[in-house]
Amino acid sequence: MNFVEHLHVLIVAIPLLAVPIIPLVGRLRLDFSWYFTFLALSLSFFMSLNLLMNVWGSGPVSYFLGGWRPPWGIEFHFDLLNSFVMVVTTFIAFVSVIYAKQSVANEISYDKIPAFYAVFVLFFVGLFGMIATGDIFNLYVFLEITSLAGYALIAAGKRRYAKMASFNYLILGTIAATFIVLGIGYLYMATGTLNMKDLAERLPEVYESRVVFTGLAFIIVGLLIKMAVFPLHLWLPDAYKYSPSVVSAAMAATSTKVAAYVMMRILFSIFKIEFNVIGIPITELFIYISSIGIIVGSVLAISQTNIKLMLAYSSIGQIGYIVLAAAMMNPVALSGGIIHILNHALMKGGLFFVVGAVAYKLGTEKISDFRGLGKRMPLSAFAFTIFSMSIVGVPLTVGFVSKWYLVTGAVASAHWYVIPVILLSSLLTAIYFGRIINLMYFSKKPDEGEIIRNEAPFGLVAPTLAVAGLCIFFGIAASVPIEIAAKAADALIGGGLWK
Amino acid sequence: MIEFIAGKYNFWIAIILMMIGFYGVIAKGNLVKKIISMNIFQTAVFLFYISIAVVDGGTAPVLWDKNVPFDNPLPHVLILTAIVVSVATTAVALALIIRIYKDYGTIEEDHIREIHTKRVTEARKNELC
Amino acid sequence: MNENVIIRTVTQIMLPFIQIFGLYVIAHGEVGPGGGFQGGVILGASVILISLVLGKKEARKRLSMKWNDVFNSTGVLVYAGIGFICLFLGGSFLEYGVLPFGSAEKGNHLGMVGIEIGVGITVAAVMTTIFFEASEKDDD
Amino acid sequence: MEIIYSPIPLYAMLVSLVAIIPIYFSKNQPNVREFWTIAAAVIKFLLVLSMVPAVLSGQEIVFKFLTAFPGLDIKFRVDALGLFFALMASSLWIITSFYSISYVRAMDEHAQTRYFICFAGSLSATMGAAFASNLFTMYIFYEALTLFTYPLILHEETKDAFRGAKIYLTYLLGTSIAFLLPAIVITYFTTGTLEFTPGGVFGASLNGGASTALITFTFFLFIAGIGKAGIMPFHSWLPNAMVAPTPVSSLLHAVAVVKMGVFVVLRVVLYVFGVDLLKDIGLGTFLACFASITIIFSSLIAMRQDNIKARLAYSTISQLSYIVVGVSLLSPGGITGSIMHMVIHAFSKITLFFWAGAVYVALHKKYISEIAGIGKKMPVSMAVFTLGALSLIGVPPFAGFISKWYLVNGAIQSELLPIAIVFATSSLLNACYFIPIIYIAYFKPLPEGVSDEVQEAPLMILIPMIITAAMTLILFFAPSIFMDMAEIAVQSVTGN
């Protein structure tokens, strides 16, 4: 085993090592804690790029922790699907840590900054671990690591209700995790293994057993809570609203998406697609749930006056797209879902970046305070416009790409009734983002004097614009991610991920 | 029927405990009671795990006579991890409750919500003036 | 702070034994029941005992906030550091067998002891941190 | 057919988009800014013109810009129909630019830089759509045009302007997302391609499994999705968009927006479905009847409007349906007529809008009831208006006659006499709503207390009007460039 292969495990291990170092060096000098955070997360990002290229070139890679082969040891398994999700997540981590420097200095009290960064990195360690692991119990452990770090991060919000928001999330999150661990127990009972690959091999024999049904049901319900799919979304709006801006951005861009990835993995690669045929039609159910979720999320978003809440409800709608794509069970739609993981991460992360920049400069989160932002903070407003056009699905932005694949996928598998849902939600999205763009550019109070330009500092604007640039870039040159996503979707549906 | 219930009594106990915990999480307004219920909920799952590891007449797999059947050690190890996680969650939850108590002077959910609403409306009023 | 002389004296006498027992449990973890978690909790409990009986000030004097934080981090660092050393020596992450102690068996032994020590330090430090954080009324 | 690979169509599209940058940076020097607008307009026109000889000699210019994702290319192809549209739009842009410059200065409008930026942007979108080689590229520029014109419509930033702009955006974005996009997806899925092919892409798939019902359904999705064509019931954005400044209205009506709408209809009917297929299914007749209703109804509504621009708007709705009816006749005459009517209506209608703007600039009058007797005050403008109106009615020495001739001819070729009668009736109705304006202006006395001295609009406003009015005459006597291109286009789609 050469050193290059170790690079793959280092994606998780280096940030993990950084977690204890950050508060230590933060004691020496406050700045150091940020530099170490940046170092660790950027290393992860570059290593994950390398990983993706490796996997693209030469197929899935397995890594056995401690050299113990399964079933005794824990395996990290990298295939096209999770390498892609890994790159997305590490990229968001990388961008948000750049953004964090000034944002955190503004929002977190001085003496808590090192601890904050440590928890921030821990949050990503959990996510990276969830993506990387090939052991289903290990998945639960990493899930809890992210969740715990997430609770702490939300509670770091300045406003007093943040603690209560975090507490509510904690209760729901723990219930979800307990459901998942219970489900894992059922699967273990039926098969006697926890390794995902072994599970995939052994499960077909016991597809008809009730234990497996129950286990899957528990896992799915747990994941639906974690993903904040419509009827189980109640924790999400408050959590996003009260957390510090960089946390909202990082969380909105990654955590629900990683949960969605886990769902895809469990539904299509641990369970095979035939399970749906033999067993209960879970996916049909998913289509209904997510369709309702998409519409309800959009409608609720329209009625908000707080921008963070609006984006949070929009997230609930958007996660519905990914679930919907997975539930239609055909390669086209599924690749749309996978690509939407990237696209939504870019768009929502960017939107929260802009909201953070506005909060930094103007200290407000009210939508009505966006009036005249086009003059006041031209760059941020411009980025916001790009993100919102993208989320509406205007061509040449990333949002269009995922919608195109979703609609084509719906046609391909003859789910006609899904098309109006997607289109209606696009229209609703256009309404609530259009309103803000109108406020930013075209509505000036008559009694207002000349608006002074008051752009956020470079450290906040630069990552925002970079993400906006990517939104356009991947909208125009979508071939690269689409190829990866399509290949991953084929492998996922064909059960070829383990080879 | 009797067999169905008695034969799988470990499952039933786990389920009953779980539901007790779940009820508590939903119905109790006191945050500490919520946490206690949550612990019951989690512990039920842990018990379930441990109980599936039992082998009839098995012994502990530590320095044992190789001819005697032994219990499956893997769930035990897993549950050890899960317990640590649950302790950590409880710790975070309790820390949050302490902060909430400092801020709001109560740990009853309804009161907290009341105070929060009052604060929000006051903040809005001040802004208007 | 407890004014009862008996409790104070007994505590003073017991403390070293408790701590030594904690260290024993940590070191013993590799071959028998025990280990970093359990031992760490015992160590942490000793500090908590100090603060309960002799007062928080005394406890803070013996284990200052700063050192507590440092222990918090070093424990994890020891753990991860051993993992990385294995990695650099050509094994997998945490593959103790490759540690340079002569044989793979010895490497396994000592590597595991090292890991337990790391876990023990962290658990002890975290226990105390949780206790102090929860008991302090007027912080922040 | 010979194909030339050349990036000229891309450059022609990009010119005005690139011009946005110098326009923005010279926002504090109006003269420099206007220079960039004019320069871009002229360069664009020359680029378009440079492609004319090649296309007239039967060649096509193709340029593939990039592949957005597998199966969807951003690709340009200049054929006769596209170049026809581009030539019309780019030549009118020059005239409109001069007119807008003098108009916004005379009115002392605010946010002039934004105005010119959006103007340039909409022209880029128009060019892009004209040269688009497939539905995807077309869709992109279709949406882009909506977004670029939105700030122009709410330019005044009054309550009415916001309302009008909101309706505009709702109708156009709404229909395009709700109907056009699914139609494109279905097309892609059933035929496997989005390329415009003379003769249609659906024709081949009819044997391959696509049912008639699906094709009919898709066809109606397309027609409903192209809200810009203003076919009833998706027409009411047009009168509401009249809150915009007059040059914007002329851009909407003559150069870019509605013309793009009917252009897309032409593309879809001729190059996606194909003449033969539609004839087989009988969808053409259906569309013709549908659009005929729009012709008659909107003409009737136009007669009741007192607001000048509203009357012109309803007139536009009815004239657009001429074009749609023409193409849906599916006969060579009908298609030629409808293509020709695109350019002829453009020149005639832009003249009328220029006149409305001139009246507003000079006298601040918006209503027909207020313009009694202004024939004496604004003799030149009124003369120009008369020319434009006569052309639209279809009186012989003006261009409008040509297209109507072809249209009626086409109706007879396809043996659809009722349609010919619709054309005749509607010409009568056209006369009914234009002649009163002329009558009021020339023969009603001025209101008391108003002096009858000449009070014309600025010269820079008059000149563009005179040019466009003259064009309506010139097009009657020398329609060759446009006519030739129309014929090439018709030949390629009908196959003879």
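By written order: A, B, C and D. Residues from 1 in each chain.
The definition used in the following text is that a residue touches a chain if its C-beta (ideal position, glycine included) is under 8 Å from a C-beta of that chain, and two chains touch if they have at least 3 such contacts.
Quick caveat: nothing in here was measured; it's all calculated off a predicted structure.
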item	value
Chains touching both chain B and chain D	A
Other chains in touch with both chain C and chain D	A
Central chain of the complex, centres being mean CA coordinates	A
Geometric centre distance via CA averages, chain D-chain A, whole Å	45
Geometric centre distance via CA averages, chain C-chain A, whole Å	36
Between chain B and chain A, distance of the C-alpha-averaged centres to the nearest whole Å	26
Contacts with 2+ other chains: residues of chain D	none
Touching chain combinations (by label order)	A-B, A-C, A-D, B-C
Residue ranges of chain A touching chain D (in the complex, touch as defined)	389, 393-396, 401, 404, 407-408, 411-412, 419, 423-424, 426-427, 430, 434, 438, 441-444, 475-479, 482-483, 486
List of chain B residues in touch with chain C within their complex	62, 80, 84, 91, 94-95, 98
Chain C residues within the chain B interface of the complex	33, 37, 130, 133-134
Residues of chain A that touch chain B when the two form their complex	137, 140-141, 144, 147-148, 151-152, 155, 160-161, 163-164, 166-167, 170-171, 174-175, 177-178, 181-182, 185, 188-189, 194
Chain C-facing residues of chain A, complex	1, 6, 9-10, 13, 16-17, 19-21, 23-24, 27, 63-67, 109
